[in-house]
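Dropping the structures in below, format is C-alpha cells.
Both complexes below contain chain A, partnered by chain B and then by chain C.
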Partner chain A sequence: MESSMYLPEASLDAWLAELASSHELIVPRREGDAIVFGPYDPSVSPDISRDATAPPKSSVFPACEEIMRYTSVKDTDDLSKTLVHMEEVMPSGSRVVFGARPCGTRGFTVYDRVFDAPAMHDPYYVARRQSTLFVTLACSEAGSACFCHWVGSGPADASGSDVLLVPVKGGWLAEGVSDKGRELLSSPLLTPGEKYAGEAKAAKAKAMESLDSAADLKPAPEALLAVFDDMEFWNRMSAKCISCGACTYLCPTCYCFNITDENKGMEGSRLRTWDNCMSFQFTLEASGHNPRPTKAHRLKNRVGHKFSYYPGLHGGAIACCGCGRCIKSCPAGVDIRQIVLAAMDRAKASRQGNTTGEHA
Partner chain B sequence: MSCSVNPYLPDMATVLETVQETPNIKTFRVRLDNPDRMAAFTFQPGQVGQLTSFGAGESTFVINSPPTRMDYLQFSVMRAGEVTSSLHGLKAGDKVGVRAPLGNHFPYESMKGKDVVFIGGGIGMAPLRTLLLFMLDNRKDYGSISLLYGARSPEDMAFRGELPEWLSRSDLNTVLTIDREAPGWEHRVGLIPNVLREMAPKAENCVAITCGPPIMIKFTLQALKELGFADDQIVTTLEKRMKCGVGLCGRCNIGGKYVCVDGPVFTYAQLKELPNEL
Partner chain C sequence: MQPLEDLKAAIKEALPGLDFVIGWENGWNPLLATPLFMYSPEDVDKLTWGPFNVNNPATYLSGLKGKKIGVVVKGCDSRSVVQLLQEKLIRREDLTLFGMPCTGVVDATKIARKVGDLGMISGAKRTNGTLSVTTHEGSVDIPWEEAAADKCLSCQYPNAIISDHFKGDPLPPTLGRDPAAEQLAALEALAPAELFAHWKDAMDRCIRCYACRNACPMCVCRDHCIAQTRDPHWLSQDDTVKEKLMFQMIHSLHLAGRCTECGECQRACPVDIPILALRRKLNSVVKNLFDYQAGVDPSAVPPLFTFQVEEAKINERGW
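Then we have the complex of A and B:
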C-alpha cells in the first residue's frame, strides 16, 4: 500500500464513520467556547478549526481510572474474620483519536519514556497506548502561544502519531507513520496521493515559517538548577500564580497522579486520578511538613521537571510539547516561556557576576 | 521488572500479630497469603513497602524486620493521617495489602569490617532496626556496633520489648535517652546530639546511620561533623509523601531523584549534591 493517500474533504465524514465502525472514535467537539475531545457523533461534525482547548491525553491516560476492585466477605470457616478479594481491572477495546494537533499527540512520547521503559512497565498506560491510534492534523499556521519549535518539534511533527494529515487543496494528504496507521489508509475513500506530495511539503514549510525564531533552550537544564535556591527569583516568577492547576490539567505532558480508595459498603475501588503539583496538599506530609510549601516552590518544581530534571533523565528530551495551553488558559497570565528564559538569563548573569540582566 | 507484573497490585497479606509500641505507634507483623510468594519474598535492609488498609488506601513504611528473619514482615506505623489511623484499627487475622519491596537499601556490603553507630530518634528507630538486627545476625562481618536511641519520654520509646536484650548484649553498646527526666528512668536524659557528643564515637573506619525528625537530624549532623565524620560516612533514610512507589506519580522527587526508587537511603554526601528541597 502507498504510504501517502489523498483524503478529499468531502469524504471526511464517510471516513470517520468507517473508522467508528471498527474502533471507538474520539474527535474534537465544540462545547460552548471550548473544543474538547469526546466520542464521535455522526450527527455533529468534529471541530478542527483550531487546536482543542484540552489535549487528547485522557484517551490514553484518563483523568480517573479504576485500577482494581476489592470486596470484603465474611470467612465462612471463621465468622469473626473478614476476607478480601482483589480483582485487577484492565482497560479494553481499541480507539482512534482523530484531529489532535502534533503537539497534543507528541505529549505521549513524553509519557512513553516513563510509563513504558525498561525499568517500568505501567500496564494500564501501555494497554491503552498500544490500542489507541492517532490520526493527527498538521498545523497550517502558528497560534499566538505556540512554541513547539523551541522544544524540538514543529507544526508537522509526526512523533507519537500513526497518521499525519497535511492540508492540501480540497482535502488532506494522509501520511502513514506507523504500520497500524497505514492500515487505516486502506479505505477506498482515499486515493493515491503522490501528486500532492509537493504541495504537502510546501504547506509544512509555510507553517514552519509562520513561527517566530526559536529560543535556544540548551542552557535551560543547568540554568534551572543554578537558580534553584534563588527564592527571590521564584517568588517573582510565581507572583501572579493562583495555584489553580489549570496548566497541569490542560498539559499534554503533565502526568502526576494520585491513588486513592473509594468504598461502597463491602466493596471498593482503587482509583488513579490526575493530580495537580501546584496544590499545597500535593506534597504535604502527615507530620505537617511540606517540602514544597509555597507556590514559588511548586512552580519551580513544575518548570524544573519539564525543562531540567526530565531532560536530565531522558537524554535531553524536554517534557514540554510547546502547545501553549498553559499560557492561553492561565487565568493569571503566567507564561512558562518567560520563566525559562528568565532563569537562563539569571543563571548567565550570576555566572558573570551581575544580577540585573534578565528577560521578565 | 517483568511485563507480566502489575506494580500497582498489592499482595494480599494477613496480620499475625500487633504490638502497641507507644500511644501512637503500632507494629504489625504480617505474612503474604500466597505461600509461594512469601517463600520467594526477598528484600534488603532499608527497603520499604506500601501497606494497604482496604478502603482507606496505601502508605509507605520501612520493612523493619531484617531479611535474616523471614517468619513475618514487620511494619511500625505512627498514627498521623487517614490511612495510618485506619491501619491502627486492624488486629490479628485482618487483611492488609502489601506492595514490597520498594526503593534502595542501606549500603551494608560496603560497611563490612567497619564500626557502626546507629542514631535513632522516635519512629526513626524503625528503619534502623532492620539494619541493626541484620548486622547482629551477621555479627562477625562488622566491627563495634553502637546504638543511640532517643525518644521524648519513656512512653514514646518503641520496641521496648527488645530493649533489655539490646542493653544486655556484650557485642552491642546501647545507649537510651529521653528529653526530660521521668520517674523510674534509669538511662540517659538529654537531647540526642548532646548525648552523641558524650558518647564520642571514633570517626575512623566508622559509618553513622541516622534517622529521626528533621530537627534532630539537623543537630545530629552538626555533632557528627564535630566528631570528625565525613559526609560520606553518614547515612540517612528519607521520608516523603509517596503514592505510586515506583517513580512516576511526581510527589517524592528532589530535583531529578525520586526518593521512592533512588532512595530512601542516601549518604549525607549524596544529599548535598541534590537540590535543597527536603
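Then we have the complex of A and C:
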C-alpha cells in the first residue's frame, strides 16, 4: 500500500459512497446558512467550500448521549422496596468523519489527554474515539480569525487525523497518517500519488505563508496565573461578553459535560450533555454559593483553562486548536487572542510596576 | 464625519460623571464592529458609527443596575431602552443616551451567502446603495438591499426615540420592503404539518448555546432562566428537537408585546436558525389585539403589564 494516493475530485462522491458502505459516514452539510456535521446523504454533496460552522466534535463527544437506562419496579415480596434495573448503553459501530479541517480534528488530541489517560479512562469516549476515523482536509488559505500557528499547529497539521487530504490540481493527495487511514486508501478509485508530492508540499507551504506571524504564547501560562486575582482586568476583558455558550459549544477542545437523570414515570435515562463554563449554573453549588458569580470570573476560567491550567497539567500543551470559531461566532465579537495578549501585557507591566498593558 | 466628532466630544464631556459609555469599535473583521466600553477619552477616540454597528448595546443594561451608564444607540436600540424603561427594569436617571441618525446596518449572514467565509474578508465599505466587500479573490459589490439587515429596509425609527445628546440631522423613516414580514406570511401560509416540519428541520441544528436568549435585550432573567432550572423542570437535558423548540416557545411567549424586533436573537445564533419569525408572530398577535408596538412610547403601559375588565378585542364571555 502506497502511503500517498491521488483522489480525483470527480471520484469524491464515489469514494464517499464506498466509505459509507462500511462505516457510518459523517460529513459537513449545508443546513440553512450554516455548515454542520451530520450523516452522509448520497444525494447531497458535502459542503467543503469553507471550514464548517460547527466542528466535528459531536462525532466522538455527542452533545447529548444516553449512558444508561433504568426502570424502577416494586419488589412484589416487599412492597416497601423498589428495585432499579439498570442497563448500560455503550456506543457501537464505526465511523468515518470526512471533511473536517486540521484544527477541528486536532481538537480530539486535547480530549485524549483527559478521557484516555492512566488517571482516567472514559469508556464511552474511548469507544467512540477508537472507532472513528478522520479524513481531514488541509487548508489552502488562512482566514483572519485563524491562529492555529499560535498554538503549535498549522494548516496541514495531521495530528488526530487518519488521512490528510492536501488540495492538488484536479483533486487531493490523500496522505495516510495512521494504519487504519492507509487501509481507507486501498480503494481502486484512488491512484498512486507520488507525482503530486511536490505540488502537495508547495500547497502546504503556501497555506502556512498565508498566516501572519504568530504570537509567542510561552509567557501565557504564567501571565494568566499572575492576573488571576486582577478582577479589574477581567471585568474589562469580559465587559462585552454576553455569557452565552456559543464559544464553548463550537470549540473543538471544550469538553466539559453535565450528567442528569431524566425521569419519565418509573423509567428514565442518565444523560451526559455538553455543559459550558460560561453558564452561571456551571459552578453553582447546592448551598446557593457560586465561586464564579460573574461573567468576568467565568471568562477568566475559559481563557485560563485553555492557555494556563491545562498546559500546566499536560506538559505545556495548549487546549486550543486556533480554529477561531469562538471569535467568528461570538455574538459580541469577543476575541480570545486579544485577551491572552492583554493578560501577557498586564502581567509584564505589573512586574515592572505599571498596571496598563498596551493591549488592555 | 462631523456628527461623529461632535458625538465623541459630547461623550468625553459626560464621561467624568459616568461609570462608562457603551458604543462600538472596529472588530476582528471589517464587516463587524464590536461593542466598545469607553472608560477614558482615549477609548472614546475608538468609537465608530456606520453600517457595521450591528450589536444592540441595550442588551447590557439590565445587568448593570446601580451604575451610571452612557449608551450610544441607533433608533432600533433606543426602542429596547424605551421598553426596558416602560417595564421599570432600568432607571432613566442612571442613563445618558447618545445618538446619531442611522442609515442601516449589515446582515453578516446575507453577506456570507455572497462571499462565503467571513474570515476571508479583508475590507468592507458602503457607498450609498452598494456595499463593497473585499476578499482575497477580489472585490464584490452587493446592492445595499441584499446586504442590509431586514429590519433596516423598512425602518420606522432611524433616529433615537429618546436621547440626551443627538448629533446630526434626523432622518425620515425608510420606506422599503419588509422581508421579515414576507417570511412570516410564507410560514403562516403553511399547513400545520408543513410548519412543524419547517421548525423540526431548522431547530435540529440548534446547539443550545442560548446566544439567542443572552443577546436579547428584553431577556432579563439572565442567570436564572427557566430553561436551566431542574425545579421546575420545564426542559430536560435531552437534546431533541422537541426540547429545543420548546425553549423557543418559552422565549417567544415571554417576549409577546415586549420584543422590539431588533433581531439580535437571530443574529446571535451561531448556526443561523431563523428564529425571529416566532417573535414577529407573537408581536403581530399583540398588535392586532391591543394595537400596541413595543418600545416606542416611554409613557405607555405594555398591554400584558395591565388588564381591562372588558378587553375590546378579546371575547371572554361571549360564548
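In the analysis below, the second predicted complex is superposed on the first by the 359 of 360 C-alpha atoms of A that agree within 3 Å, B and C clash if a C-alpha of one lies under 4 Å from a C-alpha of the other, contacts with A are read in each partner's own complex, and residues count from 1 in each chain.
Following the convention adopted for this analysis, contacts are C-beta pairs under 8 Å (C-beta built on N, C-alpha and C of every residue); 3 or more make two chains touch, one makes a residue touch a chain.
Since the structure is predicted, the reported quantities are computational estimates derived from the model, not experimental observations.
Trainee: If chain A is used to align the two complexes, do chain B and chain C fit next to each other or clash?
Mentor: Fit: chain B and chain C sit side by side once superposed on chain A.
Trainee: Using the touch definition from the top, say if A:Val36 reaches chain B (first), chain C (second), both or neither.
Mentor: second
Trainee: Taking the superposition as given, does A:Thr260 touch the first partner, chain B, the second, chain C, both, or neither?
Mentor: Touch partners of A:Thr260: chain B and chain C.
Trainee: Considering only the touch criterion stated at the top, classify A:His289 as touching first (chain B), second (chain C), both, or neither.
Mentor: First partner only.
Trainee: Answer with first, second, both or neither: which of chain B and chain C does A:Gly353 touch in the superposed model?
Mentor: Neither partner.
Trainee: In the superposed arrangement, does A:Arg236 touch chain B (first), chain C (second), both or neither?
Mentor: It touches chain C, and chain B stays clear.
Trainee: Based on the superposed arrangement, let me know which partner A:Asp335 touches: chain B (first), chain C (second), both, or neither?
Mentor: Touch partner of A:Asp335: chain C, not chain B.
Trainee: Could you look at A:Gly304 and tell me whether it touches chain B, chain C, both or neither (first, second, both, neither)?
Mentor: first
Trainee: Does the superposition put A:Arg50 against chain B (first), chain C (second), both, or neither?
Mentor: A:Arg50 sits against chain C, while chain B stays out of touch.
Trainee: When the two complexes are placed on top of each other via chain A, what is the minimal CA separation of chain B and chain C in Å?
Mentor: It comes out at 7 Å between the closest C-alpha atoms.
Trainee: Taking the two structures together, which residues of chain A meet both chain B and chain C?
Mentor: Of chain A, residues 258, 260 contact chain B in one complex and chain C in the other.
Trainee: If you look only at chain B, which of its residues touch chain A in the complex?
Mentor: Residue positions touching the partner: 1, 3, 5-10, 12, 52, 54-58, 80-81, 84, 93-95, 97, 213-214, 239-241, 243-244, 246-251, 253-256, 275-278.
Trainee: Using the touch rule from the top, collect the residues of chain A that touch chain B in their complex.
Mentor: Residues in contact with chain B: 67-68, 70, 72, 78, 80-84, 86, 88, 114-115, 119-124, 225, 228-229, 255-261, 263, 268, 270, 272, 275, 277, 282-287, 289, 291-292, 297, 301, 304-305, 308-310, 312-313.
Trainee: Which part of chain C faces chain A closely enough to touch in the complex?
Mentor: 20, 27-29, 32-37, 39, 55, 59-60, 109, 112-113, 116-122, 136, 201-202, 204-205, 207-211, 213-215, 222-224, 228, 230, 236-239, 264, 267-268, 270-274
Trainee: Which positions of chain A touch chain C when the two form their complex?
Mentor: 31-34, 36, 49-51, 53-54, 63-64, 141, 143-146, 236, 239-240, 242-246, 248-250, 258, 260, 262, 269, 271, 273-274, 276, 279-281, 324, 327-329, 331-335
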